[in-house]
Amino acid sequence: MQSKSILLILSHAPYGDTRAKEALDLALTAAAFGQDVSLLFTQDALYLLLKSQQPQAIEQKNLANICSALPMYDIDKIYIENNTSQTKHITAEQLILPGVFVNHNQIALMIRDHDVVLRF
Amino acid sequence: MIFSILIYGSAHNSQSVHTAYRFAKSLLAAGHTLHRVFFYGESVYTASALCAPPRDEQDIHQLWKSLAETHQLDLVVCIAAALKRGVIDQAEAQRHEKPAFNTHAPYELSGLGQLSEAAIISDRLVTFGA
Amino acid sequence: MSTLHTINKSPSDNTLWQSCLAALLPGDALLMIENAAYAAAQPSVMTQLQEYDIDIYLLSADVDARGLSGKLYTNANIIDDQQFVTLACQHTKVVSWF
Amino acid sequence: MQSKSILLILSHAPYGDTRAKEALDLALTAAAFGQDVSLLFTQDALYLLLKSQQPQAIEQKNLANICSALPMYDIDKIYIENNTSQTKHITAEQLILPGVFVNHNQIALMIRDHDVVLRF
Amino acid sequence: MIFSILIYGSAHNSQSVHTAYRFAKSLLAAGHTLHRVFFYGESVYTASALCAPPRDEQDIHQLWKSLAETHQLDLVVCIAAALKRGVIDQAEAQRHEKPAFNTHAPYELSGLGQLSEAAIISDRLVTFGA
Amino acid sequence: MSTLHTINKSPSDNTLWQSCLAALLPGDALLMIENAAYAAAQPSVMTQLQEYDIDIYLLSADVDARGLSGKLYTNANIIDDQQFVTLACQHTKVVSWF
């Protein structure tokens, strides 16, 4: 089966709805199927990567744990919207996963250069 | 050209399942191929045969079902998203010891791999969002 | 190598609109569907869109449904579902903002 | 049965989702049950009142028709957020129903002065 | 004090049904009265007994059911919102000639009038939104 | 005659937040639940809230779930579910922004 480059853009925070979780499930499946997956964290999705999440208080799965396991599933192209991290006063040290910080221009070019782009 | 469609909007609380339906009808009318329709997230409720809309409102379950039967479409419903939401076919009802089921052909429960495959096979994957 | 972007929320979803606009490249097309049709009736949004070197489209069913014909502040192309399919073919991919 | 004053604040546009329709259904029911219902149209809900809506194109019910029938159901306290109509360049002549234009201060006082306030 | 709760958020795509559940438990623990819980909009899916969540995830249908049985709560599901979404009890399944049903007591299908009545009877009506 | 306002979306929903803030009166209380807990980690939003003569609350379950303790730019009261019920009793009504 041929391979395509897939860019998954996450934009929503964890826990308030299932959007972030379902996007991560999709990323893991695509990687398992041998696709070339890149993950871009924008807007409130940056909150997925915050350390010290304890969602058992609201009876939900820990999505930060899923994120930190991404490299084990061969998803190591992790990008983070630069502007978002500034607006939200979040620094690289507060994140459970290293990523490449990109600006709006670079994001536009990433969207152009991938075969398939899905934004959740 | 080979199309696939990913639907993510709520079946009964979003316009997107209906917009996707019109897009599907139009691409088929233009002679293109629709490789697969994949229902994910809240759109999986489309597959429930128990919905009873008022007489003067559209029946989105029936619209997709008829289109699929006319054109032999592959309507795949994400099984993980469906089971947690109570959209369940006969086989899964038995497995999970549920007293009833609410979906059947042409809707088919299957995994996210079907979406990955569709993304590869198709020239265009068009998403209709929440 | 151009992209057809679709967007389906009104400009009240400012976060979504700003993300979408930031992703537009010259030669891309933007199709405003469902509640995004309301954007075409807001002068401030349409003025902002003029800064981009892109083609702008509206779906006629959505414009009619919302009573927006005659209230548009844009010369966007109003297309039907068939032309939506044609647009999807003419661009190398479709990206949906929702 | 005693009566309470109910303020229903609508904030969403018609057709994209069912929120506006379900809020209107609730208003009609509350009025039928003899409640003292006030309706406030804010944000994108102002679009509910636009003339010339033809939602048969997308196979939905015409919500403007429901709105224009509100006075027949004894709902005649109709308020419209002033700021919204300005931002959206919508004038009173474009609306299918007359309403009292109110500013943010007046809205805050309306919320204070009603027994029950539901925002959809 | 007499409370009623209006839930409007999606059963399986929003935190609000669970937040409402915790609020209900807490007000009961504090000795207050919970006159009625009214499920409207996408929250009506809570009443579907066919949902099969993964073992390590909460079963919100079961959580509300158990709480209702322990405290004799009145769980009312908006019948119009439920029927169009395919949440249907035995009586409605017969009326609409559906081959199965997916909800039963303590969940009860009824009209929006039950919400109006709750608003009047209760000292506080608290909404948990979409 | 004071109101308890609850809000459940992050400040990315700017339209919702501006509507809610415009409705606050002196003596009211604002409880940020679910994704609104993220607001407490954003200095700009908390600075704006300081202009209002209201009490501000957060639900501990939501703060903990999101890993926000230690990242808050506010001295809002962090309360549990029981105290949420108490707040609802202390105010004459509860208005939910969602």
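In this document, chain identifiers A, B, C, D, E and F correspond to the written order of the chains, with residue numbering beginning at 1 in each.
The rule is short, and it goes like this: a residue touches a chain if its C-beta (ideal position, glycine included) is under 8 Å from a C-beta of that chain, and two chains touch if they have at least 3 such contacts.
As the structure is a computational prediction, the values presented were derived from the model and not from experiment.
Among the remaining chains, those touching subunit C as well as subunit F are A, D. Note on connectivity: the fewest chain-to-chain touch steps from subunit C to subunit D number 1. Taking each chain's centre as the mean of its CA atoms, E is the chain most distant from subunit C. Seen from the Cα centre of subunit F, the chain whose own Cα centre is farthest off is B. By number of C-beta pairs in contact, A-B leads when A-B and D-F are compared. Remark: subunit B and subunit C have CA centroids separated by 25 Å (rounded to whole angstrom).
Averaged C-alpha coordinates put the centre of subunit A at 26 Å from the centre of subunit C.
Subunit C and subunit E have Cα centroids lying 39 Å from one another. Among all residues of subunit E, those that touch two or more other chains are 8, 10, 12-13, 15, 19, 41, 57, 80, 125, 127, 129-130. Across the assembly, subunit F contributes residues 8, 12, 15, 34-35, 61, 93, 96-98 that each touch 2 or more other chains. With touch defined as above, residues shared between interfaces to two or more other chains in subunit A number as follows: 15-16, 18-19, 43, 58, 60, 116, 118-119. Listed by label, the pairs of touching chains are A-B, A-C, A-E, A-F, B-C, B-D, B-E, C-D, C-F, D-E, D-F, E-F.
Touching subunit B in their complex are the following residues of subunit E: 10-13, 41-42, 45, 48-54, 57, 61, 80, 83-88, 92-93, 96, 98-102. If you check the complex, the residues on subunit F that touch subunit A are 8-10, 12, 34-35, 38, 41-44, 60-62, 64-71, 73. If you check the complex, the residues on subunit F that touch subunit D are 1, 3, 15-16, 19, 22-25, 93, 95-98. Of all residues in subunit E, those touching subunit D in their complex are 6, 8, 40-41, 80-81, 111-113, 115-117, 119-120, 125, 127, 129-130. Within the complex formed with subunit B, the subunit D residues making contact are 15-19, 58-61.
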